[in-house]
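In this document, chain identifiers A, B, C and D correspond to the written order of the chains, with residue numbering beginning at 1 in each.
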């Protein structure tokens, strides 16, 4: 048997672990530039993580096993997802493990446990964060599914690698349905990864934070794992978008040149994605919680429009 | 005598029966009612006898005698005694809206005539036209029970209905089988005793025989 | 022969009880008489089962598949009622609601009533049928007013007058029937014999018979308690002593319906149309609906169950009106199971109201805890009567409803409405009575549990396993009533 | 003759029917009664499971005609794969619950006699088995109503409480009305099968072999769907369900929610796919729409509850909706002659039926354990139970994950299959459906996400945080029988989630029987590890890898991070410098659901009142604030109230007839005669 796919698999996971923090660093750097501040450099996230890992854990009195189990689970789902999404190559042994829907569900279980952990310690903050997080998620889900549905219409499949291959094989050039789906996907990504305007990862202001409120009581390696996982999550969603909407360059054949090219392409695309993200984040302001219905509603609308235009125009 | 005469006699008696029925419908005083009732019974028994004679049905004589003894003698007597006992001979009952009642009665006569027309078509008996009268008598008896509010009058109305029925039984169809007529008579007799008992119960419980008071049992709101 | 014994026993018992009816052992005599009567009934049934229909006393009495099961049913229920009334009436007497004369009268009249009903069922002569029916009325009138309370007397009076008037109409109908019959069969007793009439029914004059049927319908319909001729029924059934209510609801209504159905067969045979059936269906449906909605606001327990009797008579009438093998089968079955279930309900109701010294449903509580037999008996009785499986009432309603769905689908919504409302109404009232804790004023008492158990067992068995001979009778009856 | 599955099944039914006798004999010694009675039901259930599994495995059909019943219509029994499958569903959960009951029912000892509970429990199980076994209209309805009546008495068990009586009554009425509707629909079918010349038309065989004109078939379908929907608690007929299920003893509510509702699903499948067989596509559309509405409304109302068992009951409404979605899609695909897709959708539906039975049973058992320990159903008074009852907490959590459709547990697989069925809808010929059905998919996604939110709330408020109540009862962990019951259910959830390929391959016979094709071959094409419903290129899922992958990574990470022993110090929670923080300040069920209540408020009947106490120094600083919130089910006001009012109005009107004056009565009969005579002329 040829080891190539397994090598690829491991390579992907390593890239995920490695580049996740860098990507976040890249976004921060861009942001600093955009806001005219001087940045801490691309590798600052690494330093943060190292600091956290070396610290001791301080645990609330009545934190149960759920509170301690959650960080590992969140981390685990992120890593597993990294093994499934075609980042470098579409020819992965684990690719068949999950299609898009399962992938979404993987992130959902991570969210589920994070919310439970938020309620575990019994502060008002944790509950508040959990409640808001689940609300946002429940609003994002339908839009997410419509986007997936539209894509699977074009590429008669929900299996990621096949979607990617179909788009790459080029018979789907610029289609209105895919454009709409892409827009919807971007909005949803903002919501899922807790970026402005839905949530602000940088704030610890009581009334605005969502994700941060849940993990407020975490410290030490637990916090490190969660932070790392969320960095990977941002990376993964970007990679997901790339794999579905702009997979050009992802290697499908087994030769190192292609893989190297794929790596290059990926970095390029990530850079662009970071720019887009920063443009959005600097352009918009954090929304009130109850305006999110409009935000995610419009995401749903876009996805539906994509679906309709597929049936009507194509 | 020949059939024609007999038919005339019977029709005449029928007319008298009907007349007495109407009389009862508007009669206010107790005694008057009872007498009218007795008269009706008398006409009934005579006509029965005539029919029996004409048709040569001898068991009709028996039923005629039965009628005479029951409807003319016994029942009026019982009623009489009851009225004496209950000391209500003086009572005069108000009959609401006599002309209206009369009109309804006449309408009933017409109706029953119209109703029994087909029967008259197919019947071959001399007495066939009597059926309408009988039915009318029954209906008028019922009407009387509806319009009156005194227990005794209701009973008399009831008995008048029975008369109508009997009339139908004897005249319209030369008499039912004897056993049936005997049975009917027996039932009437028992009924007589029962309402006799009832009058006392009602009178003792409600100290009057006005059935209007007996409206306790209803679906209250 | 058996038949004459069956008729003779109650008469004899009546005569005896008329003299000793107030003694201590009167109740036992009553039970004995009814038991013998039931034995005779079984004998008759056996005879019919072996030899098929037969005549007796010349052609005066006859027994066929239709009336034999009703006769047996009548003798059976009268026996169980006698057993029940032993304790019940003793208790009533202790409460001083009835005196010596009352007891004598009660026992004698009870037997006379049984006799009248059996005569109704077994006579071959349509005229005598009428007489017996009147006799049955008269014999119960004074039983209804046994307690001498104003309401009792009022109820009895209404019963007397309304049924008298109704039955008078029936007589007129009978006269017309005879009028038509004598054309074909010649004069005399022969012309009123059912066995002869049924043979020549197609030769009878249709116009006369359809006229006659109107009067028979109104007449016997009054006794069946069909809306709008029903008004006497709730009063009479709720004011009399409970054993009488049981036999009135359980048996008399059946007998009246029996008479009606017999007449309907003749009329159908002669007219060849379905008019009679339509009329019966109309009455039945009206009765179901009115009774169901009346059930909803009852306060008096016995009154409520008498309304439910109206409803069920409506169902049976509707079934016979609908015709067809399945519906008729259902109708026959319904008469049987309803009378069993309803009488057992009245037994439990009697005990319940004696335990609480009231018929007000709001004051009756905690029966299951207070007296399991009465409580569960009432509960299951009601479940049976509202047509819950596995009780027999369900089977009959099942057959009737499905048949309706086939033959008159447009009527099913009304049936559905009626049954649903009746169900809700009964459960709404019964549930609080059986459940909950025992109220302070509830007096424990020894109850006659044999009748209830016997009836419920029978209803249950018929529901899941109908014996073969019964099935056979029903089928012959269905053939008869075509 | 060697005994076949159907003999085993009927034996288990007979055992259950005879058990009440034994129970009533033992009513003297209650403890013995509990052990023997529930052991007996457990044994009978196992027998039924075995029979059902055997039938589905072999895929063959057996019939049995009993000696009882009407002489012309003896009871027909039939055990085909469909019946076998539901037999397994019912039997499996009732086995778990019977074991659980041994522990749970002991809680009543000394308080009240449990004889009636045991008796009706047996009858209830017997009724459910007979429903799926019966093969003619009469026995079907008899067992249907026996089931209803038995469960009615079980709901009534603690009958001194007024709400029990009210709920039981409501339940009974709805159930019975539904039963009459089903009866009528059988009437239509039987009448069309063979006229009413004979009784043979009532057998299902006659109906199968008959051909029905569309309009009559539609009448039959609508009637039966109404009846079954009333039983399954489909919106808007669902109102009785959240009343009745919570007040019953918890082992019974587990059975009612877990499997009794499924008998209605069975009925729908049986009538449409097996008896009528040929139907237009819009029947499926009806089922689909009702399913969607039930799913969304069910979960939204569930979010508003703070009574744990009520919440679970509303989730039954939701899950029944999801099952109906699958069935509706299957009907649409069948009508459009797309058997493969129909098989997929149907498999999704029945697989969710099985899964829901497992996790809803588990959840109700957990709720029962909590109730048993705290005597409290209101979540606002709970919290922190995970420390006191770790077993129950862990097992309940598994139930929560499963019902929230999260991998790798079973709820996810069936919802995923349903999604796949949705995603295949573009292959339908009708353009309108192409456009509309995806919306349904979106609604399903919404449902799933809301369910997750709801169970974060349920688990978080009940088991996590601090105890919220004022007085803290001495809570003890559930005893072993209860735990074993729950553990088995949880194991089933995990198995069905990780190895769906085996389960689907097993239940293949059902779509094979009903539709003629099955997805077993394609679904298991790549071995037990990969579930590929239609084709490998289309979509795939591997439960084992997800489960063991996550597990492996978690363990690995844990070990890596613990090579260097890091001290963990426990400290009080951070109170933002505000010393007087107490457990009443935690988020509770109401506050958790607040954002969603705001967003979907228009769907509820919300009464929210804030009152400040009178003696306030300044209206800006009141001493006390009183907050009251009532969320009522709109359908009570929309559907039930009007019906009740109308019937009482009717009865008032009818009451006028009986107005007491004898003259009036005489007039009635007088008029009747006149009218009849006129009518006759």
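The rule is short, and it goes like this: a contact is a pair of C-beta atoms (placed from the backbone, for glycine too) under 8 Å apart; a residue touches a chain by one contact, two chains touch by 3 or more.
Nothing here was measured: the structure is a model prediction, and the numbers come from that model.
Shared contact partners of chain A and chain C, listed by label: D.
Taking the mean Cα position of each chain as its centre, A sits at the greatest distance from chain C.
Taking each chain's centre as the average of its CA atoms, chain B and chain D sit 70 Å apart. Averaged Cα coordinates give chain B a centre that lies 31 Å from the centre of chain C.
In whole angstrom, the spacing between the mean C-alpha positions of chain A and chain D is 36. For this pair, chain A with chain B, the centres built from the Cα atoms lie 101 Å apart. Each of residues 115, 142, 145, 154, 211, 214-217, 219 in chain B touches at least two other chains. Shared interface positions of chain A, defined as residues touching 2 or more other chains, are absent.
Among all residues of chain C, those that touch two or more other chains are 157-158, 161, 165, 169, 211, 234, 294, 297. A complete list of chain pairs in contact reads A-D, B-C, B-D, C-D. The touching residues of chain C, counted against chain B in their complex, run 125, 127-128, 130-131, 134-135, 138, 141-142, 145, 148, 150-151, 153-158, 160-161, 164-165, 168-169, 171-172, 174-176, 178-179, 182-183, 187-189, 191-192, 205, 207-208, 211, 234-235, 239, 294, 297. Only residues 111, 114-115, 139, 142-143, 145-147, 149, 154, 211-212, 214-219, 221 of chain B touch chain D when the two sit together in their complex.
Looking at the complex, you find that chain D touches chain C at residues 68-72, 137-138, 141-146, 149, 156, 159-160, 165, 168-169, 172-173, 176-177, 180-181, 183-184, 186-188, 190-191, 195-199, 202, 219, 647-648, 650-655, 657-658, 662, 665-666, 668-669, 672-673, 676-677, 680. Contact residues on chain D toward chain B in their complex (touch as defined above): 652, 654-663, 666-667, 669-670, 674, 677, 681. Contacts from chain D toward chain A in the complex involve residues 383-384, 386-387, 393, 397, 401, 404-407, 412, 416, 419-420, 422-423, 426, 431, 434-435, 438-439, 441-446, 448-450, 452-453, 456-457, 459-461, 464-466, 526, 530, 532, 536-542, 545-546, 549-551, 553-554, 557-558, 561, 566-575, 581, 583, 585-588, 591-596, 598-599.
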